[in-house]
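Two complexes follow with chain A in common, the first pairing it with chain B and the second with chain C.
Let's look at the complex of A and B:
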């Protein structure tokens, strides 16, 4: 077999069983791998009303047919579950080397179900798979657990997926890590893993990935690597990392400052990638087979946090526990990043929930009585730092916030006014980019994202984000150069449709989206080329994109089964009603609001979503080979629009 | 022979989100069938331009202009 290993592991931690299941040609052809196969398992095996912490819930780790090959950045892994944060469909993916190692061990996917009676880890050594005692690892930070497992197994070169204390404590936005610092951040699968008493999955593989047409494949890879040499986005990401976006975001007014009350700040430059590189950058590191190498490592040199060291920063990790909570001291921001990584928490939700609580505090919805005496004022780093630990350990007010901003609003009884400041959709706070500046297509992703509010990388409308670096590209794909302007509604419906399908395939192949349709060195046709060369198939570009469309529809249908549809396809009121204030000279988006309602109807047409419910239409589902899904949704269409449903306010599920 | 009327070309070139209406118009004009409509929705504008060129509905020069200048150039070609 070429590309795929053709089998997956199913580990039942309640029964202590390990089963190797073959993956048929038809199944692989339909779902490809990574996100596609994972989504299929979540849809079929995790009923929408099941508690994500129920032992019957699944957590899946998926890689794709080109994972572990020389294709650019082909080492990612997708982690999927029913999200304990949103209650809906959830996944995210991470770089590192674990994904490639899993292929070398001979598996395309791992499904974990059940709950171990005591903490365990899974050790995969090619064909030999065992469940081992992890009681001594419980409570350890990812870097500690990683080192201890390597020592125990006597091999420094194995790769390990691991959770931190936040996952063990069922913090609803706990993340999953591999190679210590590479995080699958969003949707809280770390807590689902923790609920199964699973600390880690260590992998050693000695196999290879068989390539059907090697010459053709290496020709494609060489062609693409040549393109990367002059790719403008690669240059930024390598030299300055994703923090290269800080100064751009500040100029164009899309930096999340004080819970999105502002889009820029005069002090933001202090945490820019340019400053980071000059001051605390220790070294750079790339994920498996990556031609970009955006990863950085930080060592804080002075002040209160001097000597601290860790992987990062990334833009999306640093902004939420920085400007979003009013903190601009760069060393404090690097410290907060190291702390959230140590505990194993999603930096975006951590900052998002603290920023939300700060706004509740500012508006008088909560007082220091609710917070256990903490003064939640903007920029109060002492409190931010304390809260990160309190959330991870579920202590005091931290226990409330550990359920995420939307659930915290309900636990505190704050009603609609409380939810108004959560800056979340479908139960997850949004990443640190304001659509009033970054772009309207990007913002549509918040409304329709199939993992809840945060689809910043899964339907990344890069044609508007980085399209300006590639003149003519918007015209080539969308037929119009105007959508490159972030704050226009022109062409954004089609842009979202195309990029969302594209990204679904990126996540099935498990390549890094920074290498494709962010930087545009790798285009859809290139992906089809290397996919076919590796697998020996001859699928067309149309078939390739249709698979992406199938996956988006299946995930959307998961939400439909929770009766989440058109009414929930929205974005926080702040973006729609509050004109962007001026915070710095030259800010380009002063006065803008985001008219999401103008774009959604057009987007629905491309998707063929039912205009009354927003559910995928029966016609399109059947076209995509999802007849059974169409049957599942049939009785729910009328139910969604019943008077009793219409009255419900759904902030999470 | 023109595939689109001048009025149709004008209507399309004034739209914010023109692509689906353009595909619809081409289907109505018999240039695309259901499968073609779907194919070019999935694969993007440049694949549509390639198709129209291979079907000799636009010239090489028109195709070049359609890719350089975008859909307004394309609908102008299709209506002339």
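Let's look at the complex of A and C:
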């Protein structure tokens, strides 16, 4: 078999059984791999009303047909589950080398279900799979657990997926890590894994990925790699990492400062990639087969935190625990990053909940009585630091915040006023980019994202973000150059539709979207080229994009089954009503608001969603081969628009 | 002779991405896998360190001297040792003798295989061509060493200057 391994692993931790299931040609053709196969499993096997921490819940690790090959950045892994944070569909993906190793061991996917009676880890050594005792690993940081497992198994070259203490303590936004620092951050599957008493999955593979047309595949890869050498985006990402965005964001006013109250700050340059590279950068890092290598390794040299080290930073990880909570001291930001990594939780959500709590505190919704004496003032690094640990260990006020911003608002009884400041959609807080300046298509992604609010990599509308670096690209793809301007409503509906389908495919192949549609070295046609060369299929670009559309629709249907649709397709009031204030000289987006309702109808039209429910239409579902999904949704359409349902305000599920 | 290009590994630049390994196995074997690569990346994730290991093109090569059948021998024209697959008996002596661990055993044939500088590829070895961080370069030694010397010198002088300014 070419590309795929053709089998998946199903591990039932309750029964202690390990089953290898073959994957048929039709199944692979329909769902490709990674996110596609994972979403299919979640949709079929995890009922929408099931508690995410129920032993019956599934957590899936998927890789694609391209994973582990020479195709640029082909080592990603998608982790999917029913999210304990949003209560809806959740997935996230991570780089590193684990995905490739899983392919070499001979599996396209791992499904974990059940709950082990005591902490365990899974050891996959090619065909031999065993469940091993992990009681001694419980409570350990990813770094420690990784080292202990490697020592125990006597091989330093294996790759390990691991959760940290936050996952064990069921923090609703705990993440999964592989290769110690590469995190699948969002939607909180780390807690689901923790609820199954699973600490880690170690993999060693000695196989190879077979290529149907090697000569052709080599030529495609070679062509793409030559293109990367001169790609303008790649240069920034390699030299200064994704923190190269800080100065851009600060100039254009889309940096999240003080929980999105501002879009820029005169001090923000201190944490820019340029400064980072000059001061604390120890090494540049690359995930598997990556031609960009945007990964960083940091070693703090001065001050209170001198001597601490760890992988990162990355823009989205560092902004929420930095400017978003008002912290601008770079060493403090690197420290917060190392801390969240050690505990194994999502830096975005951690910063998001703390920033939200700070705003509640500022507005007088909570007082130091609620917080156990903590003064939650903007930029109070001492408190931020304490809170990170308290959240991870679920101590005191941290226990409240560990349920995520939206749930915390309800636990504290803050009502609608509290939810106003959560800056979240569908229960997940947004990453550190403000749609008022960054881009309107990108902002629509927040409203319609199929994993909830965070959709910075889901509908990464790069045609407007980095389109200006590639003149003529918008015309080539969208047939119009005007959408290249981020803050226009022209053409954004289709832009969103296209980018969302495209990203779904990228996640199915499990390549990195930094290589595919951010730096535009690998266009859709190129992805089809390498997909065909590896698998020996001959699908067209249209068929390729249709698969992406199928996956987006299936995930959307999962939300529809939770009665989440058009009314929930919105973004926080702040972006719609509060004009962007001026914070630095030359800020380009002063006075902007984000007119989300002007773009959504256009998007719905391309998606063919029902105009009154926002559910995928029956016609489109059938066209995409999802007849059974159409049947599932049929009775729910009327229910969604019933009066009682209309009155409900849903912040999470 | 002096100007024949060689492979140079700049350890401090390796990002550990394994692009080189993928290019190598795909180019030579038409499959992708670490086990079929002639070049290897050793990663120490916890400390963020990566090292690239490949044939260092020894002139007096240990792999050739230990080979019992003469399968592994130095090719003066290419400037690298080659393994004649017909004569190789798969004894693994060369793999153990190589000071860098740059020789591997093929799971397909059971015989030893090693770098051949992608013989016949006009752009030179794939690993160097694809390396995103220039950790592997394919260059004339005299030029490369000269450049290195200058780079190190400038670094040192800059540091001295910075100290003086402080």
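Observations on the structure shown:
Here is the rule we use: the second predicted complex is superposed on the first by the 653 of 653 C-alpha atoms of A that agree within 3 Å, B and C clash if a C-alpha of one lies under 4 Å from a C-alpha of the other, contacts with A are read in each partner's own complex, and residues count from 1 in each chain.
In this text, a residue touches a chain if its C-beta (ideal position, glycine included) is under 8 Å from a C-beta of that chain, and two chains touch if they have at least 3 such contacts.
Computed from a predicted model, the values in this text were never measured in an experiment.
When both complexes are superposed on chain A, chain B and chain C end up sitting side by side without clashing.
By the touch criterion stated above, A:501 is placed in contact with chain B alone, chain C being left untouched. With both complexes superposed, C is the one of chain B and chain C in contact with more chain A residues. Touch criterion met: A:493 reaches chain B, while chain C stays clear of it.
Applying the stated contact rule after C-alpha superposition, one finds that A:147 touches chain C and leaves chain B untouched.
When the shared chain is aligned, chain B comes close enough to touch A:481, but chain C does not. Touch criterion met: A:68 reaches chain C, while chain B stays clear of it. In the overlay built on the shared chain, the residue A:286 is in contact with chain C alone; chain B does not reach it. Here's the short version: in the overlay, chain B gets within 30 Å of chain C at its closest Cα pair. Of all residues in chain C, those touching chain A in their complex are 13, 15-19, 22-23, 25-27, 29-36, 42-50, 107, 126, 129-130, 132-133. Considering their complex, residues 16-20, 22, 38-39, 41-48, 67-71, 74 of chain B touch chain A. Residues 472, 475-481, 489-494, 497-498, 501, 524, 541-542, 545-546, 549, 602, 605-606, 623 of chain A are the ones that touch chain B when the two sit in their complex.
The residues of chain A lying in touch with chain C in their complex are 68-70, 97, 100, 104, 143, 146-147, 156-157, 179-181, 206-211, 214-215, 217-218, 221-222, 225, 228, 238, 282-293, 295, 297, 309, 311.
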